[in-house]
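Notes for the one structure printed next.
So that you can tell them apart, the chains are marked A, B, C and D in the order they are listed, and the count of residues begins at 1 in each.
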């Protein structure tokens, strides 16, 4: 079942340690299949060097396991609620990558200071609030997804315009139209988080990127007038 | 004697440079054997790329060599006093890993700022006091173990609830129910130490993790209600 | 056409990830051919591990593709305007390398604090202004080249005396008499940017290098009295 | 001539990029032969991946080439003056390693904040003054050696008690009883420099290591009462 997608999800998970975004099992990647309405996700706590495509778990949008002999990632309900709420998502990645997690621990949004950011994120990457005791009791991972949705609603952000979030005190989630894009966005976020720390240490008055350059760079790579890469030829 | 455990201890020692926790010979891992009451430890000052399982030294709880032709790690008495005092320990690791050692040099506890910390350490990782002249004269490595014990007693910490300590001006010791856990905890500590530095540089008012989230994450991975990984299936 | 130069440009591009200066496709290297007046540049958005010499695109000084089936780098007009204005340039490199990009985001020049800098850059590496809305509308990548030229003119800098620039909010461009030198200068700049941040964090009053030592080190490696390396023998 | 020593010097030079202490050709290692009174040093500006033992240059204590078809390192006179003044030196290493060079650019001594430092350096690693115009004119590399000697004399330091120095605005030199020790000390210095920066960022009041612990750790590895490693068995 969904064998090709399992291969993609395996590959995406293996990209995470390769890009130095995860240690041990501290991350997970999933991909959504529009036809069945199921998604494929990494099993919980299985070491990356032992991971096989057949270990991937198929889950429905309520977080129920449809196929697979292993427990899915403990973060599965967060993935489920995001896929359910945002049908445009094709892949989701969660890591504890060092620089993005430092920002998540700081509780501060990552503003757009450069074009590396603007090429991928159309504006600041938001940091959520902490979950309440009630939310933890009701279902921590499920409510984590709801807090992400709340954050994007309150700020009026398009989910694919800013394909990343920081969970306060936890770490980053990124996503995209497919799981490859979600991995890519996780790498962008990690680099941007590192560079912004030091940009403001060099010059604490360093400005955010002017809106006109944010607009220009985002539109070079996204939307109908995009001209980066080989697609337009 | 204890050949299987020697293999495990060798492997654990080799994990340390692989995870960028040690340069040269600046680290050691040991494992305790409950049946014999002996522990197996790396020899002193032997380069990691020459290390063989048969080089590992078997030592009793007084620090006396039981088997082995090489000198055991100079930190052997610290391991011995910890194993003797805490029968629940199955493995101990000592490194001079950069970020944890920077914290050890700062003399400051590592507070729980994120879930990476809370998944492994139930509260702040304590930093000890310096040893006194008297303690140095009486037996530096032995008294190092006693200072760790004193620190955990004074703070009322369970040794497996917070399986790590920073020795002021020296570096980290970590431990666990086995030597693999001790290595794992050394990696967690190194990551947490790095991330906390920059979290407070981004936002000097960044709060510690709320107790409710610390409780939640620690209990996801530890205790009777744990549901992370594959064990419960 | 220009097959030998294509091989050189391919090799130069592959040096960029090897020196940890680029992630994914975030960089480009080009080389100028004096005989034809054309330059060879990396195609846009093609992954480094798939890049072949035959993928390289031949472009004229107006930025028009002369040969090649792929789109050239989206930064091609910047390369073109620099080659057109400075006939002494044989190669150009653009990256989003972390430390240089952090400086570019800070908007601050990189002053000469050490001999690593002085061996390659004869004085501070300048940071440009942001482009205006009008410049973005007229042709963003072309005007990026013009802003670099303006910066060097206003400061009276020789283009090969300081073979690097930071684009405010974007990242570094480096160049040289050939593309190998441009890559080399990109590595120097990245190292210098990292070291200067921490030098001033250790001592916020740390001085720039005295002029006499800047002169001495630059002249050890450049000009008629150079005596570094094997060339003079 | 001195073929075995050339092999050692080659190997020592190759250790430098392996330990991430040098980029390109920015470093050099040499070893002294007590019998002939000559030393063997890396040629100038030759890439590490092309370096062969037969490329090593034999030089006398006046810096005159005795054997070898390549130019010796441009820093050869610094090595010569140090070997001439300190007959106890068997090897010298110079690098532009990032963290030590940041300290050299800051102009600040590296104080002993931890046992990683105390295991190797008996007290602070000094930073020299800048060279004067007169010294530059008289012979920059030769006078660099003299400034190192002046620094150790003024502070009353034993050359093997603190086997490292920072040249203000330049970078580190380390040395030892042989070239392997000089490489080892370069790695220690790089680690210590990194850790001290962040220790004082975590806690700007973090104290230096108490003298009693500096004494204890240094004597564990040096002098007649040393008990670290396998030598004493």
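Heads up, the rule we're going with is that a contact is a pair of C-beta atoms (placed from the backbone, for glycine too) under 8 Å apart; a residue touches a chain by one contact, two chains touch by 3 or more.
Small disclaimer: the values here were computed from a predicted structure and weren't measured.
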| item | value |
| --- | --- |
| Chain B and chain A - chains in contact with each | none |
| Same-residue or different-residue interface between chain A and chain C, half as cut-off | different |
| Chain B and chain C, separation of their C-alpha mean positions in angstrom | 46 |
| Geometric centre distance via CA averages, chain D-chain C, whole Å | 32 |
| Multi-partner residues of chain A (at least 2 other chains) | 197, 201 |
| Listing of all chain pairs that touch each other, if any do | A-B, A-C, B-D, C-D |
| Touch list for chain D against partner chain B, complex | 19, 113-116, 184, 187, 191, 194-203, 206-207, 209-210, 212-213, 216, 220, 227-230, 232-233 |
| Sites on chain B touched by chain D in the complex | 23-26, 43-46, 70-71, 74, 96, 98-99, 101-108, 130-133, 136, 140, 169-171, 197, 201 |
